[in-house]
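Next up: some structures, all given as structure tokens.
There are two complexes below, and they share chain A, which is joined by chain B in the first and by chain C in the second.
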Partner chain A sequence: MPVSQLLQVRDLQVEFRTRDGIAKAVNGVTYGVDAGETLAVLGESGSGKSVTAQAIMGILDTPPGFVTGGEILFQGQDLLKMGREERRKVRGRKLAMIFQDALSSLNPVLSVGYQLGEMFVVHEGMSRKDAKAKAVELMDRVRIPAAKERVGDYPHQFSGGMRQRIMIAMALALDPELIIADEPTTALDVTVQAQVMDLLAELQRESGMGLILITHDLGVVADVADKIAVMYAGRIVETAPVNELYKAPAHPYTRGLLDSIPRLDQKGQELYAIKGLPPNLTRIPPGCPFNPRCPRAQSVCLTDLPPLYDVTDESGAPLPGRGSACHFWKEQLHG
Partner chain B sequence: MGRYIIRRLLQMIPVFIGTTFLIFFMVYALGDPVAAMFGDRAPDPAAAAQIRRDLNLDKPLWQQYLLYMGKIFTGDFGTSFNGRPVIELMREAWPITLRLALIAVFFEMVIGITLGVISGLRRGKAIDTAALIGTLIVISIPTFVTGYVLQYLFGVKWGIAKPTVSADATFSELLLPAIVLALVSLAYTTRLTRTSVGENARADYIRTAVAKGLPRRRITIRHLLRNSLIPVVTFLGIDIGNLMGGAIVTERIFNIQGVGYQLWQGILRQNAPTVVGFVTILVIVYLLANLLVDLLYAVLDPRIRLA
Partner chain C sequence: MAEEPILRVRGLVKHYPLTQGILFKKHVGAVKAVDGVSFALYEGETLGIVGESGCGKSTVAKLLVNLERPTAGEIFYKGEDVTRLSGRALKAVRRNIQMVFQDPYTSLNPRMTVGDIIGEPYEIHPEVAPKGNRRAKVQELLDVVGLNPEYINRYPHQFSGGQRQRIGIARGLALRPEIIVADEPVSALDVSVQAQVVNLLEKLQDEFRLSYVFIAHDLSVVRHISDRVAVMYLGRLAELGTDSEIYEHPTHPYTQALLSAVPVPDPEARGKRERIILAGDVPSPANPPSGCRFRTRCWKAQDRCAEEVPELTVPPHLAGADGAAHPSACFYASEDPAP
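After this line comes the complex of A and B, so read on.
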């Protein structure tokens, strides 16, 4: 994989020290994003996709969560080596995050204008009055109707879609270089999901920022992402440009995910589901963590942890950006 | 908002009538105030009958109640059996108790909230454990025990404070009684604040505030405390009413001639007009405190809409 200039996560390790033992939530994740690029991180709940994002943002709950290894290079600087105050100044200004549930993620007792304007007051030392004008501007930008009248309203007075737009506006406030969107549409109606995703994609095109889109919704990914990283049990199991992944996945887990999308032409048939459950992160099995659920599993899968192999086409020519952490990626990809 | 207040005030009328009738009933129908006037002596039947006529006590109870209520609204709470108008007793007693209650609430606010915020932010640390144990001890000891102990220690043994309060009930004299009065509520305030801060600290919007790159101080004050203190403020509002009514024990210990003292005397001597009069005002204080709290709630939490 070519090294990305904007954000490069290298061999990141995160663990949660709980009463029931150490949960290894992230086990050597490596991925990168460039300016103007959208990386979709795909995976089930507990795959470590959100934890990785929290580690990048520096909002991991510590304790119990600890980054135990790796680097997070943002514009060439390792965020993990920064002082607390230095890192705070990066947050919100250069690196912003959009959360899943806008209702609980916005402060219920402060007006949206206040919460938006706060970005300018804190990071740019703007006066309250100017910040409020900026807040109206932002609300216009994310197309909230009657922004001027609504700037003093509270989060609960907005609809779900409008609230998520406010979250987006907040992330956009200081024109960050990179936005991490953690399941930004999961809590929304399907019709509103599309609107919010379109808005996000459009704003990204306008500003040229990088975007990490964390999701478990394969439908959302196809439309907006440039490349995909699939995570399982705290590891990246497959990386690929978006179209290639949909056409020909190189990991049995990705295959399973794609097969479990309901399709209209299969109406009446039982839905496909990957057998079993993701492993308990305090007791990840040896070998490939996917082996208990994998239809292709052989004895080697029970003992050897597969690295992220470079994936090639049938003639052996490298496929740029593609990788698979499966001992049998060739069989999976080329049959 | 205006309509809401009017509706709430109207709702108070039946509550007010119900509670005052109940106390009226208990004092005048279940007890015999005329017999009480004679103390231990057997009442002279002719004199007793005369008194009953003068005080309307020969009429049916509901009529007595209506006559009494009618007079209240002209400011006439009747005359205490020892000859002083009840309104005069009130003029002396209420300012003292009000002062005592306000000082007590002030202690609750400053000490209770500060302690609660600190232990809520440092959950599981030594200071949190100390606050938890300390408040538990305070809650489990009755006021008359802490009252007498502190009175003995501060007032008698060390001589730091005056052991009893003079008729003037000056601010400095009321400090120690106010602490005694506040202590249990203060412990509850601390615990409520601690729980509220602890819960809100884990809320999603705090995570958002961190992700926005806000300084920690701002997150704590503007985001965390603004939300955490809503239940605490409403608790304190209701507690003002409680403290005034609940000051009986404290006022007895420190010989403060406030509402609690007068009520105590009134009950002891079956001094019916005093008891009914003071309780009537207490009912009004409670009702207004509750209304105030509801209004305050709406101001603090925009999600509460008053309609």
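After this line comes the complex of A and C, so read on.
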């Protein structure tokens, strides 16, 4: 995988020290994203996709969560080695995040204009009055109708889609270089979801920022991503450019996910279902963590943890950007 | 499917009063959650109801299982109007119409064992299972939904989301109902687990000849499981038809917009699909638009749409058209979304 310039996460490890034992949420995640690029991180609940994002932003709940290894290089600098104050300056100004649930991420007793303006007051030392004008500008930018009249309204006065736009506005406020969007449309209805994703894509085109889109929705990913990292039990099990992943997945888990979603444009018979459940993170099975659910599992899978192999085509020529953490990726990909 | 439907709903209305004041509650309006919905459910079929949040689909579910009393309208179960029943007669009908809830985390009592949860319906309807063999019945149910019968003494927190949903389904099946109303039964589950539960629901339908009302916002899941589909918008049905009529020949602008907004898991289709992005938000059900409810967001709207309410019937100009001749509540219904 070529080294990405904007953000490069290397062998990141995060664990949660809980009463029931140590939950290994992230076990050696490596991924990168460049300016103007959209990386989708795909995974089910508990796969570690959100925890990785929290570690990048530096908003992990510590304790119980601890980063125990790895590097997070942002424009060449390791965020994990920065001091608190230094990191706070990067966050918001260069790195911003959009959360899933806009209603609980906004303060209900402050007007949205105040909350948007706060970005400028805190980071740029602007006066309240100027900040308010900036807030109106931002609301316009995310296409909130009648921004001037609505700048004094409170979060509950907006619909779900509008609130998510305000979250996007807040993330955009200081023109960050990278935005991490954690399930930005999961709580929204499909027609509103389409509006919000379109807006996000358009803003990205305008500003050339990098985008990490965290989601479990294979449909949303297909619509917007350039490349994909699939996570399972705290590891990346497959990476690929978006078209290739859907056409020919090189990991049995990805294959299973693609087969188990009902399709709008076709009515099949019985759905393929991946058997069993994702593992308990305090007791990840030895070998490949997917082995108890895998239709291809052999004895080697029960003992040896597969690294992220470089994937090649049938002639052995490398396929750039493709990797699979399966001992049998060749069989999976080439049959 | 020409026989008498097992369930027929006619002109169903549910308004929730909006009041002002504490002591002398003054009615200042009503949230028109469901405002004139009619459909039929035939034995052994699955009727899907799709719509966005706030369209009233969950209220329809509650009305069907008698958790709420309708403001107006009728629900006929095998020819008998359920809304007029009370006491013993109502109890007998309720046995046959059971519900599966959305959230497997909050719909199971955390202090009860799985055995007690699934067996509780027998306390209310002891005629279904005499006291002595209830445990055996519950274990049989656990087996039917794919859980280990030895788990009978465990508590809900010891199960994953998908397993909990199986427990909820087992409870719904306990009284051997004929109809199951499932309100978003898989939307809280992960993709890989969702497929397991959808397959289970289909298997149970064949095994027990169940009729389903399957309510969901996920259009792909609804298509997969349903024989017929009703599209709901702001308290009314916009369109009703077989799955291929709705998904391949939609004629109502709302259905067309809804379908075009669904992301398709195929990156090759990116940019090639015609997408209709709706402007604005769903109006408040407390103050719905006059005439057609969808007109405020509709690109085809004319003066007539504000004045008259379009009925859910086969549009006369589409009668005889292949696929498109199904009930659609639009004056300008057409397979072509262009205005």
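Criterion: the second predicted complex is superposed on the first by the 331 of 335 C-alpha atoms of A that agree within 3 Å, B and C clash if a C-alpha of one lies under 4 Å from a C-alpha of the other, contacts with A are read in each partner's own complex, and residues count from 1 in each chain.
By definition in this document, a contact is a pair of C-beta atoms (placed from the backbone, for glycine too) under 8 Å apart; a residue touches a chain by one contact, two chains touch by 3 or more.
Remember, it's a predicted structure, so these values are computed and weren't measured experimentally.
Peer 1: Mind checking the superposed model to see whether chain B and chain C fit together on chain A or clash?
Peer 2: With chain A as the common anchor, chain B and chain C both fit in the superposed model.
Peer 1: After lining up the shared chain so the two structures overlap, which partner does A:264 touch, if you call chain B first and chain C second: first, second, both or neither?
Peer 2: second
Peer 1: After the superposition, just quote the angle formed at chain A by chain B and chain C, using C-alpha centres and rounding to the nearest 10°.
Peer 2: 70
Peer 1: Look at A:315 in the shared chain and tell me whether it touches chain B only, chain C only, both, or neither; answer first, second, both or neither.
Peer 2: Neither: A:315 stays clear of chain B and chain C.
Peer 1: Scan A:90 for contacts with chain B and chain C and give back first, second, both or neither.
Peer 2: The first partner, chain B, only.
Peer 1: Which holds for A:109: it touches chain B only (first), chain C only (second), both, or neither?
Peer 2: In the superposed model, A:109 contacts chain B only, not chain C.
Peer 1: Tell me which touches more residues of chain A here: chain C or chain B.
Peer 2: Touched residues of chain A are more numerous for C.
Peer 1: Tell me the contact category for A:274 with respect to chain B and chain C: first, second, both or neither.
Peer 2: second
Peer 1: Closest Cα approach between chain B and chain C after superposing, in Å?
Peer 2: 6
Peer 1: Under the contact rule defined above, give the chain A residues that sit at the interface with chain B and also at the interface with chain C.
Peer 2: none
Peer 1: Write out the stretch or stretches of chain A touching chain B in their complex.
Peer 2: Those in contact with chain B are residues 57, 59, 88-93, 96-97, 99, 101, 104-111, 118-119, 122-123, 154, 156, 167, 170.
Peer 1: Can you name the residues of chain C that touch chain A in the complex?
Peer 2: Per the touch definition, chain C meets chain A at residues 52-53, 160, 162-163, 190-196, 198-199, 202, 217, 219-221, 223-225, 243-244, 247, 257-259, 261-270, 275, 277-278, 281-282.
Peer 1: Mind listing the chain B positions that touch chain A in their complex?
Peer 2: 203-205, 207-215, 218, 222-223, 226-227, 230, 300-303
Peer 1: Name, in rising order, each residue of chain A that touches chain C in their complex.
Peer 2: Result: residues 44-45, 159-162, 189-195, 197-198, 216-223, 225, 242-243, 246-247, 256-258, 260-265, 267-268, 270-275, 277-278 of chain A touch chain C.
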